[in-house]
């Protein structure tokens, strides 16, 4: 445990000294997971809202599929994207394997179902009370969806937080399609794996704590920022 | 892709032939992730309900911490439990490293924040409408919490589904503290990793699809089963 | 083979090297790759992807890597024979070590050769952690068991299905024996001791192969050339002397037939 | 004159039980109609049918001569020409101003115009000092008046009111009734008001429908219904008796 | 006789604005009290204070001689001795039977007894045929009557009613008023009813409080308040005028 202390110390030093390699890794982690979460939101919030607002035959099966995909194993997502992007695969021409783009793609596969599923439940919880009022007040379909989303914001916020958490913590997919290449696709989690493999648990733990600290700041920003924006509304 | 087809075929054959090794792995996956989710529920639902029902100074910081822990990297959870259970670690005497118990422990660390956070949001969304009515009708604190939980069941259900999905899909923690030992701690995800490392992407993909099929059945059971139980109530 | 063509085509800006985790974890590549890149004024970038042996070879078959640096001789030969690779060569070797707990319950240290050491462990039913992942190391281990005519099974024989570093650490935690390559053993600090080494059965040869279908023909060629050049071979031989007081890899370049 | 609504053979069923079963019913334009009847008679369901929130199980409804478009391209335009005050109004999170402004914003009215109209509507219901209050904190009667302001602010062609003064004291009832009475004169609007307050129905409406158990018992001028009811049930109901 | 409630210097503030400010007020036991006043006067807030849902910013309330226990060990017992019907009642998901049975189940009453009591309560409000209906589908007036049944079923010592007939037709109002009038005779109970229906207050209550802007304007016997009001504001209010 003293080594933990000393490796914590050396990491703090690294951070303060502005060590380029560490910053590069942190930055890429953030870029990839924020990009994946953003794309996941663009896909998942509309789809989840639809699923929450409307009933249709076979809806329950779709719900079960979404729930299942929420538990898509990262490695599986990685293998799927690998096979797609592999030089001989259908999208091989794009030469995207072992690039950050590939990592984002694999993570989009992971987070979109999470955002969809949780948005669906959040919207469902508010739809009864607000959809009819919105429609009656002359909201178009889109406007009505937007109003319901606004009422369900706490739940959708939780969806985003959950998705971001999965993206930034995930390693199976980014390792496989990113390759953990230094200066190119190495992120926090793949670094942690690398250190663990070498038996440097203390360093791995320290990097993990740095990752958590960053998540903490981002979540704080999200919660406080959104709180401020929605001051007038309900609390988180 | 033909090899994919043939490996799918061979897996289907394995399943039908009742291959012991595959069943063993599937069973352990289920045991570990169901145990972890159950313990996570026992811890997370009460705590999340409390967080959703009550306001107190500093609550927002606790919320941000919960949100941060929802994104705890599996490898980090693994390292923490590893260091605790390691022969030289504080709990080394228990000799739990590389056992299913260790895997469950690490996963509890991962799923409890998820259940807590999502339960909190679900309860918060219903608390306004129902807590006062419950209290006014003579509910004790515990009874009131139970009534609010019942109203928030759709959201809590989603919390459980999300947690189970994370547990069954997760590999970083179980690999580290379980060790992927054949017949002892090998689960679906660690098998997938192993096949990936061997370069058997098609086999990995097939195993992944088997895992998804199992999740699908469990989610179907959850959604349909709970739906039936709560027939009278709201829909999922 | 000579690369002395009159007009050299321009070198590609990047090349992907698929290798095993033990190679990367040894730190050798952290010395070799920058030197290579510097030689080309950093105009070419080597992307090192460190994965399982089988996965590395599969990356080559899928044309997702340009050069392989691995240690699984049989798979390498197959790779070349199946027409996936060219320019296969030996680059270096080190040795496998049988390591275990200090008290050596099976008295493996007293064995005359690897097969005997393994036999003693099996007879004592002392714990043995196998990588169990079809890697070069695992295949080597299996070949020794084959020679001993013992079929290892039972609760003493633990099939981990993990990488070398993880397997070594599991053996340490369990007070078990394992077969480990020298590079990994030296770079991972464990309290295991070397109980047996030096047998000719325990040689661990590393090979380099260019993926035939590579789009980075020039850079791939230059990368292999760098490893087998006198400068590269010397760097390999010198690597580790500072840190461990001895070299980790023995350079032994030769083309394979 | 084309009637605002005309219903023909409209049946609404829940779990195969009819809760509304209307043979024929016409709501003439530019007057105030009252819908009265005991609790559970189907009054709210009728308003929901007219507001296109509840598609009848069978039957047809015309709206100013055209079929009421429950779906499709014309449905939005039809919806935007009506306003409804729900029996238990739901307030969107946000403040009172936002709630009243919502209908205008949905119709892309310019911000400046919105401001003027919202303040005018709040003045009408006497609640200008609540502009910045979170809508969730309103008292029962305040919420009901804000819901009315929210409905009036868009100048609807048809106004559907479901017990809009149920939570108000007599003084406020008078004010709100004055507001309602004044609208048709000013803008030419059809108002359908559901109320259990028979005096209110008498004071406000020109035409009245008496519903019981989902069926029309009597439908004629308010005067007739209250002073000269034909059916025995109507007689009992308007004299404050329970009808079964 | 010890009064049911006695309030002393009770102030309730939201955002530092007082919405209730009561110097002294006593609710005697075993009679029916009416609380009247314009919309936003603080009537619901007063009931919420008595039901321990709203802790006053300052001041004290006694309940049958003891301090009203907002928290702590005695609070549950005090809560279980009262029932309240909210102005907008919230129904728990589940059917009507479960909603009415809830209070009894919370008090660990035996299943058989629950059954008998629930059916009796449903009969009282005339809704026995809705037992199995999902509570979410009730009409406005039905929900209000179920809320009353839910409050009565536990035989409360104190019954707090917030506009319990606001959504009911005259026939049903009569029935519910009869129910309310009968309770004190039968079980000895204190009832406090908030109503904007002044006739109802007159018909039901023995004592009345007139609240305006959070303050007590007048508090005396119902007869006095309606027939011989002291304050000018009271006079205006009971004659149906708006008071400010």
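So that you can tell them apart, the chains are marked A, B, C, D and E in the order they are listed, and the count of residues begins at 1 in each.
Here, contacts are C-beta pairs under 8 Å (C-beta built on N, C-alpha and C of every residue); 3 or more make two chains touch, one makes a residue touch a chain.
These figures come from a predicted structure and were not determined experimentally.
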{"item": "Target subunit E, source subunit B, minimum contact steps", "value": "1"}
{"item": "Partner chains that subunit C and subunit E have in common", "value": "B"}
{"item": "Pair sharing more residue contacts (C-beta pairs) when A-C is set against B-C", "value": "B-C"}
{"item": "Chain centre separation (subunit C, subunit D; CA means) in Å", "value": "81"}
{"item": "Interchain centroid distance [CA atoms averaged], subunit A/subunit D, Å", "value": "46"}
{"item": "Whole-Å gap separating subunit A and subunit B, where each centre is the average of the chain's CA atoms", "value": "17"}
{"item": "Per-residue multi-chain contacts in subunit B, two or more chains", "value": "128, 176, 196, 201, 234"}
{"item": "Residues of subunit C engaged with two or more neighbouring chains", "value": "51, 163, 166"}
{"item": "Numbers and ranges of subunit D residues touching at least 2 other chains", "value": "136"}
{"item": "Those chain pairs that satisfy the touch definition", "value": "A-B, A-C, A-D, B-C, B-E, D-E"}
{"item": "Of all residues in subunit A, those that touch subunit C in their complex", "value": "86-89, 92, 97-98, 179-182, 184, 194, 197-199"}
{"item": "Complex contact set, residues of subunit D against subunit E", "value": "14, 36-40, 44, 87-88, 137, 139-142, 145, 162-163, 166-175, 196, 198, 236-237, 240-243"}
{"item": "Of all residues in subunit A, those that touch subunit D in their complex", "value": "129-130, 132-133, 135-140, 143, 147, 150-151, 230, 232-234"}
{"item": "Subunit B contact footprint on subunit E (complex, rising order)", "value": "51-53, 76, 79-80, 83-84, 86, 89-90, 92-95, 98, 102-103, 106-107, 134, 136, 150, 154"}
{"item": "Subunit A residues touching subunit B - in the complex, by the definition given at the top", "value": "55, 60, 63-65, 67-76, 78-80, 82-83, 114, 117-118, 121-122, 124-126, 128, 154-155, 157-158, 161-162, 164-166, 168-172, 176, 188-189, 192-193, 196, 201, 204-205, 208-209, 211-212, 215-216, 219-220, 222-224, 227, 234-236"}
